[in-house]
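Since the structure comes first, as C-alpha cells, the remarks are kept for the end.
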Amino acid sequence: MSGRRKAIVTDMGYSTPDRIVVRGHDLPGELLGRIHLGDMAFLELMGRMPSHRESVLFNALAVTLVEHGLTPSALAARLTYSGAPESIQAAVAAGLNGLGSVFVGTTEGSARLLQEAIPDARHPPPDLPAVAAGIVADWRARGAAIPGIGHPLHKPIDPRTPRLFALAAENGFDGPYIALMKQVAEEAARVYGKLLPINATGAIGACCSELGISWRACRGIGVFARAIGLVGHIMEEMHNPIARELWTRAEDEAREHALARRDGA
Amino acid sequence: MSGRRKAIVTDMGYSTPDRIVVRGHDLPGELLGRIHLGDMAFLELMGRMPSHRESVLFNALAVTLVEHGLTPSALAARLTYSGAPESIQAAVAAGLNGLGSVFVGTTEGSARLLQEAIPDARHPPPDLPAVAAGIVADWRARGAAIPGIGHPLHKPIDPRTPRLFALAAENGFDGPYIALMKQVAEEAARVYGKLLPINATGAIGACCSELGISWRACRGIGVFARAIGLVGHIMEEMHNPIARELWTRAEDEAREHALARRDGA
Amino acid sequence: MSGRRKAIVTDMGYSTPDRIVVRGHDLPGELLGRIHLGDMAFLELMGRMPSHRESVLFNALAVTLVEHGLTPSALAARLTYSGAPESIQAAVAAGLNGLGSVFVGTTEGSARLLQEAIPDARHPPPDLPAVAAGIVADWRARGAAIPGIGHPLHKPIDPRTPRLFALAAENGFDGPYIALMKQVAEEAARVYGKLLPINATGAIGACCSELGISWRACRGIGVFARAIGLVGHIMEEMHNPIARELWTRAEDEAREHALARRDGA
Amino acid sequence: MSGRRKAIVTDMGYSTPDRIVVRGHDLPGELLGRIHLGDMAFLELMGRMPSHRESVLFNALAVTLVEHGLTPSALAARLTYSGAPESIQAAVAAGLNGLGSVFVGTTEGSARLLQEAIPDARHPPPDLPAVAAGIVADWRARGAAIPGIGHPLHKPIDPRTPRLFALAAENGFDGPYIALMKQVAEEAARVYGKLLPINATGAIGACCSELGISWRACRGIGVFARAIGLVGHIMEEMHNPIARELWTRAEDEAREHALARRDGA
C-alpha cells in the first residue's frame, strides 16, 4: 500500500452522539427554525450565512430556476418515474442529468464571461463599453452565440430580467457585472442588427457575479433549484400521469412510419 | 396510430412570450423577491403558498435534510465528479440515486405508518396508546424494524427530534401524528426493553403528517434538500478534493490483498 | 477513529504495472481476442467462463433485452442527451434509472417466483402442476399480477418465448424451471379464463433459473443489455433527433390547455 | 399549438402483435441464438452486422473496457447500492455518470485526434511522421496532454496496447490510424524526452477509427462495456459488501479531524 498521502477532511459537517454540526453551526440549536432553505443553500455554497440583502437576491435567483413547465428535463423525470415509481430519487436524478451545456448549465457561461472580464469587482475596468465591444467581437469571430442574451420565446424582453435587476438594485448589488452585461447586450444588438435582450441566464450570471459567487458554482444553483421543480413534477405525475401517453404516442407514430417504409410507402 | 386518449396537461407552469406562470402565479411579478426558496418548494409540492407557521416548520424539515457530512451519497457524488468534472449535474444525480430504502427515503416509512393509522387528522382514533401497541406488535411479528425510531449514533436521543417537535408545538402543529409517534417510541422501548428514541426520520415523518403532506411526498423533500447538500460537497471537492484519495486507498488495499492471495498468503 | 473492521477486498480485478487481471484471468493474454462481450458479461456475473451451451443461451437472453424501440427509457435518454450532449454517459444513465419495478426490472419477479418454488434444481418438487396451482392461487388471493405472463401487445403469444425455450432445449436447459413456468401459465389461463401466454420476462426468468443465475442478478442482465440499446438510441439521436420535437409538442399542448383554462374555457 | 414540424421516426426497432424488429432484423427469427451480445452492440451502433474480422476486433475493444477493479465509478455504484439496494439500475447509472472527460470518456479524444487528421481512411496523408509532428507541436503549444499516450501505472508499456494492435493486424485493420497513433507516440517521446507509450485509450481510439466508428460513438462503447462491469461489482457487493466500510472509514477520519480542529489542535 502506498500510504496515506492526503487526509480525508471536510468542512461541510459531522456528527457526534449528541451533536450535528453543519458548516460550523449546531444544526438543531442554531439553524432549525432560524434559517429557511434558501439561506441554508447559501451557507452550503459559501460557507457563511447571507446578509438580509444577499438573501433576498440569492433566493430570487434560485426561485427563478425552480420551475419551467414541461421541459425535456421534466419529461425525462416523468418517463423515468413511470418505469420505477418506487425510486423517485432516481427519477429526479434522471431529470438532473440533462441540465448540461444546453439548458440550465448555461448560467455558468454568462457568469464566466463576466468574471473573466472583471476578475476583481473592486477594480472594474474603467471603460466598460470598450470591454463589451471586445467581448462581442471575440464571440462573433468564433461564430459562437454570446451566453446570456437572446431567447427563442421571450421577446422583446425576458420578463425575469428587469425584475432580477430591480431586486439587485434595491439591495445594493447594482455593480459592474450587471453594467457590463447590459453593455454586452446593447453592443450585440448594434453589431448583429437585431433585438438580443438579456435572458434569465444572463441576468442570473450577472447577479451571481455581484454576489461574489464563482461561475463554477452557478450551475449548481440551477441543479438544486431544478431538483425542487422535478419533485413537484413527479408528485403531479403520481396523480395526473402523462408519461404513458407521451410514450404511446411516440411509439405508435414510429411504428406507423416503420410499417409504411417496410411496405414501400 | 391509436389516437390521443389523454391530453398532455400540467398545473406546474407554462410560458408565453411575455409571461412565465408557475403554479398559477406570475413568476416575476408575484414570486421573485417575495418568497424564498423553501416556500417555493412548498408551493411546488402542495400547489399553494404556505402560511407563516407552515413555512417555519416546513423549512425546518427541509433544512434538517440538507447536510449530513460524508455520507455514502456525498462520497458517490464526489467520486463521480472526479471522473466527469464538466457535469456537476451528473455528480449530484449520482448522489441522489442512493437515497432509497436505506437512507433518506426512510422518511416516507414513518409518515406512511402514521398516516395509515390516522387517515383523517380531524378524526384521530380515541385511544392512541392502543393504536401504538398494535403497530409495535405488528412490526414485531413481521420481524421488521419500526421506521422512525432508534439511531446507531445519536443516543440517548437524536438532537434534531426535540427541536423539530418544539417548532411544531410553537406553530400549532402538535397534533395526533406527533402524539402517535411518541406513543410508538414509548411502546417499542417497553416491548423491546431498550432505548428506542424517535430519530430525525420519525420526527420528520410526523411533522410532514401534521402539515398534511402525503407520505408519498416525504422522500421528495429529502431528495431536493440533499441535492442542495450535494452541490455543497461538489463545490468543496473542487477546492479540496478527497475522491482520488478514497479511490487510491481502496485500489491499493484491494491490490495488496489480491497479490497476497495469488502468492498463496 | 473506530479502526478497520473489514478489509477492502474484491475478486473483480486489479492491475499492476505490467498486468491487468479480471476475475482471475490475464486480460490481454487470456481474454482479449478470445472471448466476446457476452461471455465477458457471464464471467463478470458468475465468476467463471460459460460453457458453449451456456454461452448460447445466456447471449440470447441478453440480446433479447437490448432493444425495444421508443420505450420510456429510450425517450428519457434522448431527452437528456438534448440538454447535455457533452455527457452521453449521463443520458444512458438517465435511461437506465427507469428500469425498475414496471419495466425490465420485472425479469427478477418471474425468476424469484420460480427459484423460491424450486430452491434446488436437482431436487424439483415431484408434482409441478400442484406447485403451479398453489402459486396462481397465492398471487390471485393477493390481487397481484403473476410475473412473467400476459402482454398488452404480443398476443396470442410473445414471439420471443418459443424461440428462447427452443434454444434452451437445444442446449440442454429444458429443466424444471421452464416446466414450472409453463404450468403456471396454463393454470393461470384456466383460472382467469383468458389467454395469459408466457412473455419474454417470464421466459428470461425461467432460462436464467435454468442457467443457475440468481433472481437477484436478473435485473442486472436487463440493465447492461439495455445500456447497449440506449447507446444506440443516442447515436441515432445525434443524427436524427426527435427529443426537441417531443418537447415542443408536449409544451405546446400543455400551454394551449393552460391558456384555455385561464380564459375560462 | 405550432403544429408538427418533424415526424417521430426511428430505425432502432418496433413491435407489432406478432413481430419484434430490431435494426431491420426479426429479433426471434434472425438474431436470438445467432448473434452474441457484442455483435448485437455492433448492430445497434452501426446499423449492420459485423463481418467476422470486425467482430473479433470490436469485441476485443469492448471487453477491454468492461472491468478495471475498484475505480471511482465502481466505488460510486457500490456506495449507491448501499443506500438503495432495491434499485440496482440506479447504482449502475450512478457509476456511469462518472465516465466523463477524465475516465473512459477519454477514448473519444484519441479517436477524434486521429479522425480529424485523417478524415478519409482511403486517402491518408502521405507523410504521417509530419502529421504526427504537427499534432504533437499543436498539443504542446496548448499545454494539453495528448490523448491516448502515457499511463500513470502501466509502464514501460500498457499491456493491452500490443495485444489490441496484434488483433487489429491479424484481422486486416492495421491501417493509417494505428500507424499515425504510433507516430504520435514516438514523436511525443522524442519531443518530451520521456517514455510516453500508447495506452489502452489510444489503442482503442485507433482501432475504432480503423473499424470506421466515429469518434462520437467511442465513449458509448466504454459506457455499455462498463455497465457490464458495474453490474458485476454490484453482484459482488451483495455478497461481500465494502461500501459501508468505505463510508465508515471516511466519516470517522473526517470527524476526528473536525474535532481536533474544533479543539484548537
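Brief remarks on what is shown
Every chain is named by a letter (A, B, C and D) in the order it is written, and numbering of its residues begins at 1.
Just so it is clear, contacts are C-beta pairs under 8 Å (C-beta built on N, C-alpha and C of every residue); 3 or more make two chains touch, one makes a residue touch a chain.
The shown structure was predicted, so the numbers you read here are calculated from the model rather than taken from an experiment.
For the pairs C-D and A-C, the count of C-beta pairs in contact is higher at C-D.
We define each chain's centre as the mean of its Cα atoms; on that basis subunit B and subunit C are separated by 30 Å.
Measuring from the averaged C-alpha position of subunit A to that of subunit C gives a distance of 36 Å. Taking each chain's centre as the mean of its C-alpha atoms, subunit C lies 23 Å from subunit D. The set of subunit D residues touching two or more other chains comprises 8-10, 14-16, 69-70, 84, 86-87, 89-90, 93-94, 97-100, 104-105, 242, 246, 249-251, 253-255.
Viewed as a contact network, the protein chains are fully connected, with every chain touching every other. Interface residues of subunit B, counted against subunit A in their complex, comprise 1-2, 4-6, 8-20, 22-23, 27-29, 31-33, 35-41, 44-45, 55-56, 59-60, 62-64, 66-70, 74, 87-90, 92-94, 96-100, 104-105, 153-155, 159-160, 162-164, 166-167, 170, 216-217, 219-221, 223-225, 227-236, 238, 240, 242, 245-246, 248-249, 252-253, 256.
Residues 69-73, 75-76, 79-87, 90-91, 93-95, 97-105, 242-244, 246-247, 250-251, 254-255 of subunit D are the ones that touch subunit B when the two sit in their complex. Partner subunit B is touched in their complex by these residues of subunit C: 7-10, 14-16, 21, 84, 86-87, 89-90, 93, 97, 249-251, 253-255, 257-259.
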